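In what follows, chain A forms one complex with chain B and a second complex with chain C.
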Partner chain A sequence: MSATTVRPSAAPRDLGAAGTPRANVEAQSERLTTGGVAARTAVLALALGAVGVIPLLVAPLTRNLLATTAVYGMVALSLNVLVGYTGQVSLGHSAFLGVGAFGAGFVLTQLALPWFVGVAVAVVLGVAIAALLGIVALRVRGLYLALVTLALAVFAERVLFGIEPLTGGGAGQTAARPAWATGDLAYAYVCFAGLAFAWLLDWRLTASKAGRAIRALRDSERVAASWGIDVTRYKLLAFVTSGAMAGLAGALFASITEIVSPITFSFMLSLSFLMMVVVGGIGSRVGVVLGAALYTALPFILDAGAARYGWFPVDGSAAQVIGALLLLLVLVRFPGGLAQLFAPLIRWCSFKPMRSRHGAASATAGGGSDVRP
Partner chain B sequence: MSASTTDRPAPLEAEVDVPPTGDGSGDRAGLSDRLSRSVAEHRVGLIWSGAVVVLAAAMIAAGMDVGAMLVNGLGAGAIYAMVALGIALVYRATRVLNFAQGELGTMPAFVVVLILLGGDLDGFVDPAQVSFGQMLALTGLAVVIGASMAVAVNLFIIQRLADSSPVTSLVATAGVALLLIGVQVVAFDLQSRTFPQFFSGSIRILGLRFPSHTLVIACVLAVASVLLVGLFRTRLGVALLASAQDPFAAELHGVSAKAMSSLAWGIAGGLAALGGVLGAGVFEGITPGLMTTTFLVHAFTAAVLGGIGSPAGAVAGGLLLGQVSAMANTTTVGLGISVPNAPTLAAFVVLLLVLGFRPLGLLGKEA
Partner chain C sequence: MSVLSARGISIRFGGLQALDDVSFAVNEQEIVGLIGPNGAGKTTFFNCLTGFYAPTEGDVFVRGERVTDLRPDQRTVRGVGRTFQHVGLVRSFTVLENLLVAQHRNVGYGVASGLLGLPHARREERILRRRARTLLGELDLLHLADEPLDGLSYGMLKQVEVAAVLATDPDVLMLDEPLAGLGPEEADAFAERLLDMRRDLGLTIVVIEHHVPFMLRICDYVYVLNFGQLLAEGRPEEIRGNRDVAEAYLGKGAVALA
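Now for the complex of A and B:
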């Protein structure tokens, strides 16, 4: 931390080489050889292609699992906006997801409107509930905010989602898939597209002035305010972005099994989302999506292992034990999570030299696993 | 530690708890003076109690069974209070909001089930077969198990995270809760198992029918509270309070802050185990994650209501929240309003009201 006076909402500048931000970006890319750029492009294209063909390769019955993984990846990205960038903890993401899912279900089944209307309503509801929570977060901080979000999750689970005319009560609400993607394979691709959209949104957010302002708030609201950052506005923006992603995820989630029931959105689900983000690596896009994939797939991987090999010690029921142990291990011993493990690779794939020349200015821009108050 | 100043929401009402300035009336203040000052200090509490009395009167007038409501509220509230007491103690000593407080109780209760089953997991516990002495011995064992688990959590996880933010520690305790629930699911499956009470049946006192189990819970809570108050008057208790207030200064006076935090966690673990055994008794059954899903959020609310680091506040908050929940239930049922899970709604509203209007809670003090 040198004593610089650069506004955090200004584009990052290379302090050694003078010049405008754009010149800096060019200077950095110039350091890569043409071969380096080509190699990175090829590897990225391959990776993207590999992820894209996964739904084609897996057994038909596991396609819904892939769709769920993509949706949980979106929720993890959404939670990461709050926990990773804004430094606001949320134990209420099961409520965000549920509100989106039930909103979509209500519009599709009770009002019989087209699928895209359901998605739009889900996003609006997600934004609304997140904005409400954001308003609370303007006054209530740290542990108290954690408690409010926890209480919100429990309230949504037991009160809101129990209102029968809206949610169908215990029986649940049906939510049909769009007519053009009724098959499991097609719908898995729809969910993948949703994840890609959330990823792009997150990428543009973090690369923008707003993203830098939000991260400045995380480090210190007072310092951010003294630099002229509108704390209220950017904090609410972070909540709204997170809510929109979670609402969209909820709409996609609703149609995976085509029925939404309140029991799915228990507040324990929020804890699972938090585990995904912490184990994946707080503040890292790649990390949290990997974390989501790991936690969603873990029970099935264990089950498959137990079914195939006699020596396999545990089956899917032990997934929660392993997941929780991983969480504790990451918190106590390995604060950067999966993202830290793959940090050089992630840096290399972001068109940067594998080793950072500026030390702290890393690609993952995270604050370690410290879930800031 | 810079976070400690920004952590706590500032009281939103500027006029709350204004200390009387020295105007010479210090020691020689008359009774009426002191009374009016005490009224001014506890204004909010008084307004709340007044509102509750008015509501109760209205409910009696509407023909609702207020007696049964009070009894139900006591049963639930005493458990909330017991869990909240542990939360408050841990928070006071280590500034950690312990999400695992519920599970530190369910786990020992499951060990009790395991012993009663004699290790045969396919068996069935017949509550009628369990004698009082056996139950007492098993509860003692549960307390020891709960306390040792809590100390282990403190030493192996919380102390290692001492430098991180309180929210990181909260996430870690949530991890502990998930771990314990996971272990219970693996070992005992998701099915519900019967769980014995100390005494079954009910007793009539002052025309009200009290389930015996409710009285047992209330007595245990009373004894635990008295013991804790007593502890805080011993040298050990004072050392505990001192290291909670200022670990560095306490260390200078020869108090080991680490040992004191373990002591607080140990007591909280014991309380959690008592809560687990008695809480499972309420339902006469136990499922994995019972205390977390049923009581934890209410207990957090109770702790905040009472003032988060205050053990006395936790007990008061728990008992009060129990009554509020029971009242929400009786009113909605009595008026024929169909609200799913009215007690949860009531707890959520109480939490928002407290954080909005009196973040320090009823008995909380500016730290």
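Now for the complex of A and C:
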């Protein structure tokens, strides 16, 4: 190549260094005993079964609450992809959810297309809005990106969801359930299936190269780029994954009450999602879903307590105060959230030895691997 | 053909001419040193070579291919691997996880197969782990595999960083002050290790370092930068006796380095 600077190769100098002996590198991964594997499988199967029968056990009127919990769990997982893996805060998830819900409602009611089409459209819309935000995130990050997402949430609530031909305006948009799941019980299971799907997607993301690349970006884009990671591509992938989960959640959410109205998707809802993630444990699948369950159910649990026991000090109206206090408690005392409290249990359940050289430390927020199951 | 070369690199930051018409070439399996006083532009030059800065003028070539307009990750894919002055590692990962991410460009499965958990993707994940452990073993770092980075000393981190860059499978290994934080014996061991790596892995190595005796010992060829300009270049014995270089380092009147 004549264009490059050319000079004769300098002969390598041999300083007579002796080759270093190669270390023996037998992979010494920690193995579980057969009994250990069996015990973990049994416990997980029991837990899964227990969650699976909850809709059968609760009072019929509570089934929609369970469906909502599952949907909010999906949103929490979606938000966790951004907050936990890319390290960016989104206050726009109420808009993500709303876009999915209104999209599904429009397809189901105005176009009278089958339920699955509505779901698909909701996912596509969620991906689209998240991709837009992702493009912004390539330029703006941290607090400034949070402000952009806040603007998105307010814009969606005040303007976008008020366009009457699309959303039905203040009266709302109807969104019928699929013909094969019209009952509350059946629909609760549909929402549980959605949560399971989002969970699996998140698990695969974190267990494959894409998730690793995304989390590496969060720490240092320079280092990630120097290791051959395309920063733009993987940042957008994170946003798109988050948007797909939220869009799907929106479609399921629309048919819980079968009517979607703009006031539901207020900016306060975005704040609740963020609290679910933080209190549940940033970066932890189990944690954020528990956080979602806690915040969704809290007002109803308090109400039930107040109705049943005379000594119960508060009712459901105190849920917001208690939620905020919980947030403070977590920020000050347990930065790893609920996931930190259950860290040894979560570690055991993810088929790792109870006691490794580093104890359960790697499962807490402090050090080591920051993806927690 | 040069593995890595640059022609007429200039870069300005506002009123500061950080680099002025610097040309540079590294041939196959050479160890080339870049020395110069503080602020001479060594790291800036590294950043131009690896794509973190866009030079105002000049071009960078990898094996004859012009890469001036390519992003850092695209240059990494072409075989340019580098370390950073302040340890380029992912802080929240364990040592092993860092090496897993670093192998990114050599992961054969696509994003979709990874998300779907297809068998070939999972098989490859196991291979990645094994490769990472093998590499750690070769650098005597295997005992650190599951350690978080917080607990490691600066010298250890520098070694893990080199392991991570090696995991990207580079043709050219570019080291920015690799001796920082190492004691004299560790520095000696590191020099031996560099020579071994060159011989065993067929690596071409570019080093920035202040430690002149170390550089004169291991380098085949040395470039000297001063105030953004190429002050001298040549084989170590030529640089050792170069009056300009001695003056730049030691002040007026000095006649020879080391």
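Note that the second predicted complex is superposed on the first by the 327 of 373 C-alpha atoms of A that agree within 3 Å, B and C clash if a C-alpha of one lies under 4 Å from a C-alpha of the other, contacts with A are read in each partner's own complex, and residues count from 1 in each chain.
By our rule, a residue touches a chain if its C-beta (ideal position, glycine included) is under 8 Å from a C-beta of that chain, and two chains touch if they have at least 3 such contacts.
Note that the structure is a prediction, hence the values are computed from the model and not measured.
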item: First, second, both or neither for A:274, with chain B first and chain C second; value: first
item: Which of chain B and chain C A:261 touches, first, second, both or neither; value: neither
item: Which of chain B and chain C A:324 touches, first, second, both or neither; value: first
item: Which of chain B and chain C A:86 touches, first, second, both or neither; value: neither
item: Contacts of A:210 with chain B and chain C, given as first, second, both or neither; value: second
item: Touching partner for A:226 - first (chain B), second (chain C), both, neither; value: second
item: Partner chain(s) touched by A:284 [first = chain B, second = chain C, both, neither]; value: neither
item: First (chain B), second (chain C), both or neither touched by A:69; value: neither
item: Residues of chain A that lie at the interface with chain B and also at the interface with chain C; value: 369-370
item: Chain A - residues contacting chain B, complex; value: 89, 91, 136, 139-144, 146-148, 150-152, 154-155, 158-159, 162-163, 221, 266-268, 271, 274-275, 278, 314, 317-321, 323-325, 327-328, 331-332, 369-373
item: Contact footprint of chain C on chain A as seen in their complex; value: 1, 3-7, 9-13, 15, 17, 19-20, 22-25, 27, 29, 201, 204-205, 207-210, 212-213, 215-216, 218-220, 222-231, 237, 356-358, 361-362, 366-370
item: Chain B residues touching chain A - in the complex, by the definition given at the top; value: 3, 6-9, 12, 97, 156-157, 160-161, 164-168, 170-172, 174-179, 181-183, 185-186, 289, 292-293, 297, 300-301, 304, 339-341, 344-345, 347-348, 351-352, 355-356, 359
item: Chain C - residues contacting chain A, complex; value: 1-2, 5-7, 23-25, 27-31, 50-52, 59, 61, 64, 66, 71-73, 76-77, 81-82, 84, 88-94, 97, 100-102, 104-105, 107, 109, 111, 114-117, 121, 125, 129-130, 133-134, 136-138, 140, 142, 146-148, 150-151, 164-165, 168, 192-193, 195-196, 198-200, 217-218, 220-221, 235
